[in-house]
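After this come two complexes, each holding chain A, first together with chain B and then together with chain C.
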Partner chain A sequence: MKFNTNKQFAFQKIFILAVCTVVILPFLALLFRAIFGLDSDPSVWIHVTRNVIPNILSNTFSLALYTSLFSILMGTYSAWLVTLSDFKYKKILHICSILPLIYPLYVMSFIYVGLFEYSAPTMTFFRNEWGINLKQFIDIKSVTSISLIFSLCLHPYVYLLLKQAFEGQGDHLFKVSRSLGYTKVESFLKITLPLAKPWIFGSLAIILMETLADFGGVSVFNFDTFTTAIYESWTGMFSFITATKLSAILIFFALLVLGAEAKLTSKQKFFIKSKSGFVAPFELSQLFKSMALIWLLLLIVTTIFIPSYQLFSWCKDNLDLQSLLNNYPYFYNTVRLAFITALVTTIVTTLLASSSRFLKSVNWERLTKLTTLGYAIPGSIIAVAVFGLFTKIKISLGDFINQNSFLYFILVVGLMTRFLSISYKNIFSSFKRISPNLDKAAALLAKPSVIIFKIHIPLIKSGIISGFLMVLIEVMKEMPMTLMLRPFGKDTLSVKIYEFTSEGDWERAAIPALLIVLAGFISIVIMTVVEKIGSKTK
Partner chain B sequence: MKFLIPFLVLFSSVASAKTLTIYTSRKEHLIKPILDLYTKETGVKFNYTTNKDGALIQRLKAEGSSTPADLLFTVDGGNLWYASTQNILEPINSQILDKNIPASFKDPKNLWFAFSLRARTIVYNPKTVKKGELSTYEDLATSKWKGRLCLRTSKKVYNQSLVAELIDTLGRKKAKKVVAGWVANTVDIFSNDTSAIKGVISGQCDAAIVNTYYYGRLLKKDPSIGVKIFWPNQNDKLGVHINVSGAGLLKYSKNKKESKKFLEWLSGGKAQALFASLNLEYPANPSVDLDPLVKSWGTFKYNKEFNLSKAGMLQKDAIKLMHEVQYK
Partner chain C sequence: MNILQVSNLIHKYDKETILNDMNFTLKKGEILCVLGPSGCGKTTLLNCISGFVDITGGKITCKEQVVSESNFTMPPEKRNVSLVFQDYALFPHMSVKKNIQFALRNKPKNYQEEKIVEVLKMVGLLEKIKNYPHELSGGEQQRVAIARSIASGNDLLLLDEPFSNLDPNLRQELRSELRNLLKKNEISAIFITHDQYEAFDMADRIAVLNKGKIEQIDSPRELYQNPKNTFVANFLGSKNLIKAIYDENTSAYTCPLFSIPRERIEMSEEVYFYLPNDAIQLKESDFINHDFEVLGEHFRGDNLELEIKFRDIEMSISRPAYAVNIRDKLLKLYFNTDLIKIIPV
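The block that comes next holds the complex of A and B.
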């Protein structure tokens, strides 16, 4: 390993190391326990390797495969339509392509299970009125259905990153390749798409990690994956060591994903020299126009119409001012927690990104990349790891810290660990667009701190803001970690949803779910407005 | 610096006197009215946090003597048993609790006490199930129920406890055959009891094994659901499977006297009636009247010699058994 070890940029190095320590140490402690921890009953692990792992391996693998496949297809198609075609309803499509971000996976899952279960009103209607048993055609608990529903929620990550990639490329390369005799399709496949590879792999990594870490969604479908097995061996078979061993396997997968992503994207460096005027080069034929229109309608129906219909029909009997007021404290707690976490995460990531940029070393960059590991680890496991470690530190310091403040602190640290990846993607990819020549020129004139505040931050402002808002949305949706680490009296909306859905009480869960969706929607609106202002000022 | 403000506010609000802290897996809406009633009567206030049992117990272990918690409330005998093995609970010697709570619903060493009972029984559709067709849990495994059964996931502790009791009463081999039979007869496996009952209502299946209060909730919302309750195994040792929701005093509680007092109060008539009726459960104190709706389902027999600690002890084996027969 060759690190840039000269004394220059000491602050940057210390900062990267410090963040790495905070983020990685809980995992190391966890891995240590997985390997060396004494299990009071080793038979559980043996049982799990024989009877559980084969099944969850194939389940997790197929779910990850299908979900990434569907998400990439959906996200790329939307991004292509919005940036590179002359599709008439681009603006609506753009909004519909990011809107699904507001749904937590577990909410979307219980909406669709509620809709397509045998006993659901719609299914009953089809059976009674027309004698059609839809269940024969739609098995909502099959891996294909689950992946499709997950992709509905996750494909915006692909869309957003690819849109950024397509737009950032400008169309000068496209024009060059056209003038050299490539057809439009050839140019797209051979120039545009390959150039967008880092963004494709980047979003693929997000999708994979999100799928690996999901617990709430899969448990609604009763679909066994690593996370459900971790939970079962921990709480059912009382073997925390087995749970840590299974988590270790999951961490290994996450490292594989990160490693592959780093390898596939490392050699590609590019930056925009000039922002050329972008003219959509694809004129859609009638057939393609109708296809695009069908896709748009599908998105509207599946991600706006169906979820809102279902949520409203669940809570129509008890949706009044009083119940909204009752939920207000949870709404406030949710937004506050999300705001604080997003702020901390964004500051940390911005400093990380600029530090690693100053160091210009592959190894430092890899180390920085490691801080994004938390995204693939189930929230409850991070919670246990962070809680165990920091409680030890707290006790050894003399235990004078107020319990509630302490919990709030580690909750924010834990959430940051989990979602650093999201702001990392946004902020690092914006950084990649700043030409290194600019740094070189600036370095002759100013200190690093000046470069950060006067040059980097203004240039990547929109990346920072969209990163901030995406972390905000993610934290509002997060359930397992918040459930475990929230201080007394700081229940959030997702905690309420957990309490109701775990009892199958969809009607009561619908109001907090609606409020999360609403808060997410407002964030999305802010995000698009900021983007618009950003693009206008350019 | 703005983020420090909430911390400062919290610092000032926590230091009030006579506050008990509860870690509970019983949901807020099922516990808060009780706590509010106690606060009204005695002035003692409560802090509580809800979570899953495993997470709460892990948290207590990590916190050790520094824990702010006084009491642990859980929703299953297995979890109470597990907590009792983790050296976090302290025995309570109380004549009031001993008098109010029967022996099979408390820990042999007084580490925990049940405060409500939950019966896991069979609900069925009287239009498709003939009179006399239902008899025992074991019978649901026979081929006449092929394609007629709805089950909840094996990951839910209620099913784990039920299978644990089957293992204890029938022996592992027989229990395994029974559970395998259920799986073979099942049309769908649900993530919660409510959906399983809805399966019966809509005709997807004819019978399901569920806790009575889920049935009660649906019945309260819509009295015309047309599904009935059946008490199995009334002529043998097994009887209806009973689970509990209970509590224990934490070893490192700083308010042991107050906590004990609260639990004693909780075992008494007024609290018991409210505690159980909030969720249409059965009170653990047998002298307390049932909620009218619960009463209308009639009485049933259960195995009084089966202590729920045993269900906890056998829970691991029950899960292994369910894995072996592919009960998802």
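The block that comes next holds the complex of A and C.
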């Protein structure tokens, strides 16, 4: 281990260390308190270990298991159809396989819960017209149903990564396998699929992280998991230390997923991208064609038709000027919070990226990478962590700080911790496209601060902008942290959705939900555009 | 016995004819190089033979068995045809051993173990048996890929520009290594390349492809000495072509340098003299001679490359430096008209 510790670039080093501290310290403090605060609130803790933990453990596990299973199956099937078969409607399937990303889990969840309510129009229709009580067949609040609904939203991650994996392989390996005596199916099972393993694990990690982190979705189903238990023990039982302990357990699982992901996806780099062309080798038989078509229609109905129909029909009845005006303050709060967070995050990441580039040291780069750890950690835990640490600091400083501005500050810090990795990815990848020789040439002519503003920032502008927009939209969709840390009177759209859905008031939740889905739609468009630009500049 | 017979092969894609009426055969142990500019249909030809694309017309026969016809395509896994690609196509998730074992399915365990050692010894990589592809150099990876094809026991090997990712020295080394291996194991091969020297090195016969048609298929020497037309001559022969004009009075083809009596070639409008290297001599002799102006000299180590001009005829020749005798920027050349060919466009 050799750190570049000479005095050159002192500002850059201090900056990286400072960001690392802000991001990592709350978690260390949280773990410290969880371990050494065992004797506080003993009665609550005993109650929690006896009555809550066994239940949430099994719930969280079964939800994670089923959701990853369904998502992998759905995503792999779509990816196989789009890349390896001669399915006629590939382009439509491709769009339908990405589009579900626009729904936050909690929006999709409350749409389906609302759809299957006893008094819902569809249920009434089935009862009155055909005498069928759908409730007998479908229990919308069972683990299976919840994981299916979650998988509808999450399988695009599997789809996108596997599509990339299949296409990247090129067709030479497949052809060699066949020339050595293996049929199409054998070659797929022995070559194509095993080669995609790192990508499957990568997408599995994303699904697990999203499922573990979800709060809004499971609370709509009244399905207790770690995140709801953390929220309950803090706001319901007023035991912050219990929330801290539960968080520590969940952090353990999150880090486990993160570690497994890092290990299992590390081989990706050896599977060099092939330059060879790609001809879809599988010709679908009549039966398989019909199956593919049914799958496509099912996707369209469940992820496009039902959600949009349901949202619009709820909105229709109370979509007037008054209700829009009622929602305006929440919209304003949401956009303001998202804008401030995205701005802070982007500035911090740009300076991080630029600093790490100046230092040109593997260890400093690793340290910089450490600042992105927050993406693996559920929002509710980050809320507990930053609240715990910064309240201690605030108390020791004295009570001249306004509680509301304090909460706003830690909320922004927490959100930045959670979404730093998004802008990091965008900015670092555009940095990588700049030749290091450019830096050398510039270093001969100017000092670092000038290089940052005159050379780096103009060149990575597209990465900065796309990172900024993606963070902006993620913050708009974020629910648990915003819910737990929001200052008084600063309710956002997602907070309102939580409040309305917890009372079963779907109609009123629909307008903020529609606004958030629109934001999600914009983020998908940005993602596609950035990808297009990226592939062009390559 | 013919390992492969291609007769009247036609392949169309979206109404565009990619391969047009191709005919050739390949004997056991024979190496055929397919040479041609990019987009001439070389890779499509391999895809037809290996069974990855259907053919529109004609017939492909492997060892007396029809494998492709206009309404029938035998799947690639049943053809006993191996493939080697430019990007090596080793399975990155398998060790060298497993890669070769992959080609030995349904064989007894003992046989597998013996064969793996045998083919790895052939390519000199036995010590890398446990390594993974990403731990090998490009040359080593290609050797493993060749070993894998030999192990498969298939008697036809198709190679699609296998060495073009390697540096020139290594390329040369691997060429002769591959040729020896193929000959020793009596494996027939079709070797695609765009490098004429590679083709000269490897091939028993060379097929020159242009726009989906075989322009000429012959031994390297025959192709060089007797190209059928200017395309073949340009692609692999000497670049020295001089336009020839027919003189009715003398019944001869003429150019400012010489004239050669010959019957008129029908069909073709334009006719050229093709001058292989040995038709142009520096040594004093009775042959017809001319003084050429030397426009440029390029030192190439063994040889001196000269750009020369006589009136409006520009040529280039390459000769050992000691043999070149330039006086006042002039060089006297002697032309052996017996070796000069007259070819159509």
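Note that in this section the second predicted complex is superposed on the first by the 328 of 538 C-alpha atoms of A that agree within 3 Å, B and C clash if a C-alpha of one lies under 4 Å from a C-alpha of the other, contacts with A are read in each partner's own complex, and residues count from 1 in each chain.
Note that a contact is a pair of C-beta atoms (placed from the backbone, for glycine too) under 8 Å apart; a residue touches a chain by one contact, two chains touch by 3 or more.
The structure displayed is predicted, hence computed values, not measured ones.
Enquirer: Answer with first, second, both or neither: which of chain B and chain C does A:H47 touch in the superposed model?
Expert: Only chain B is touched by A:H47; chain C is not.
Enquirer: Considering only touches as defined above, state whether A:I191 meets chain B (first), chain C (second), both or neither.
Expert: In the superposition, A:I191 contacts chain C only.
Enquirer: Counting only touches as set out at the top, which of chain B and chain C does A:Q403 meet: first, second, both, neither?
Expert: first
Enquirer: Just chain B (first), just chain C (second), both, or neither: which does A:I395 touch?
Expert: Only chain B; A:I395 stays clear of chain C.
Enquirer: Which partner, once the models are overlaid, touches more of chain A's residues, chain C or chain B?
Expert: B
Enquirer: Taking the superposition as given, does A:L250 touch the first partner, chain B, the second, chain C, both, or neither?
Expert: neither
Enquirer: Taking the superposition as given, does A:R486 touch the first partner, chain B, the second, chain C, both, or neither?
Expert: first
Enquirer: For A:T183, is the partner it touches chain B (first), chain C (second), both, or none of the two (neither)?
Expert: Second partner only.
Enquirer: If you lay the two complexes on top of each other, which residues of chain A touch chain B in one and chain C in the other?
Expert: none
Enquirer: Which positions of chain A touch chain B when the two form their complex?
Expert: 41, 44, 47, 51-52, 113, 117-119, 123-124, 219-222, 224, 228, 231-232, 234-240, 336, 340, 343-344, 380, 383-384, 387-388, 391-392, 394-395, 399, 402-405, 408, 483-484, 486-489, 491, 495, 499-505
Enquirer: For a test of understanding, state which residues of chain B touch chain A in their complex under the given definition.
Expert: 3, 6-7, 10-11, 14, 21, 27-29, 47-55, 58-59, 62-64, 66, 68, 79, 82, 153, 155, 157, 160, 188-195, 198-199, 201-202, 204, 214, 217, 315-316, 319-320, 323-324, 328
Enquirer: Once bound in the complex, which stretches of chain C touch chain A?
Expert: 50, 52, 75-79, 81-83, 85, 87, 89, 91-93, 102-103, 105-106, 132-134, 148, 152, 154
Enquirer: In their complex, what parts of chain A are in touch with chain C?
Expert: That would be residues 170, 172-173, 175-183, 190-191, 194-195, 197, 267, 270-272, 274-276, 279 of chain A.
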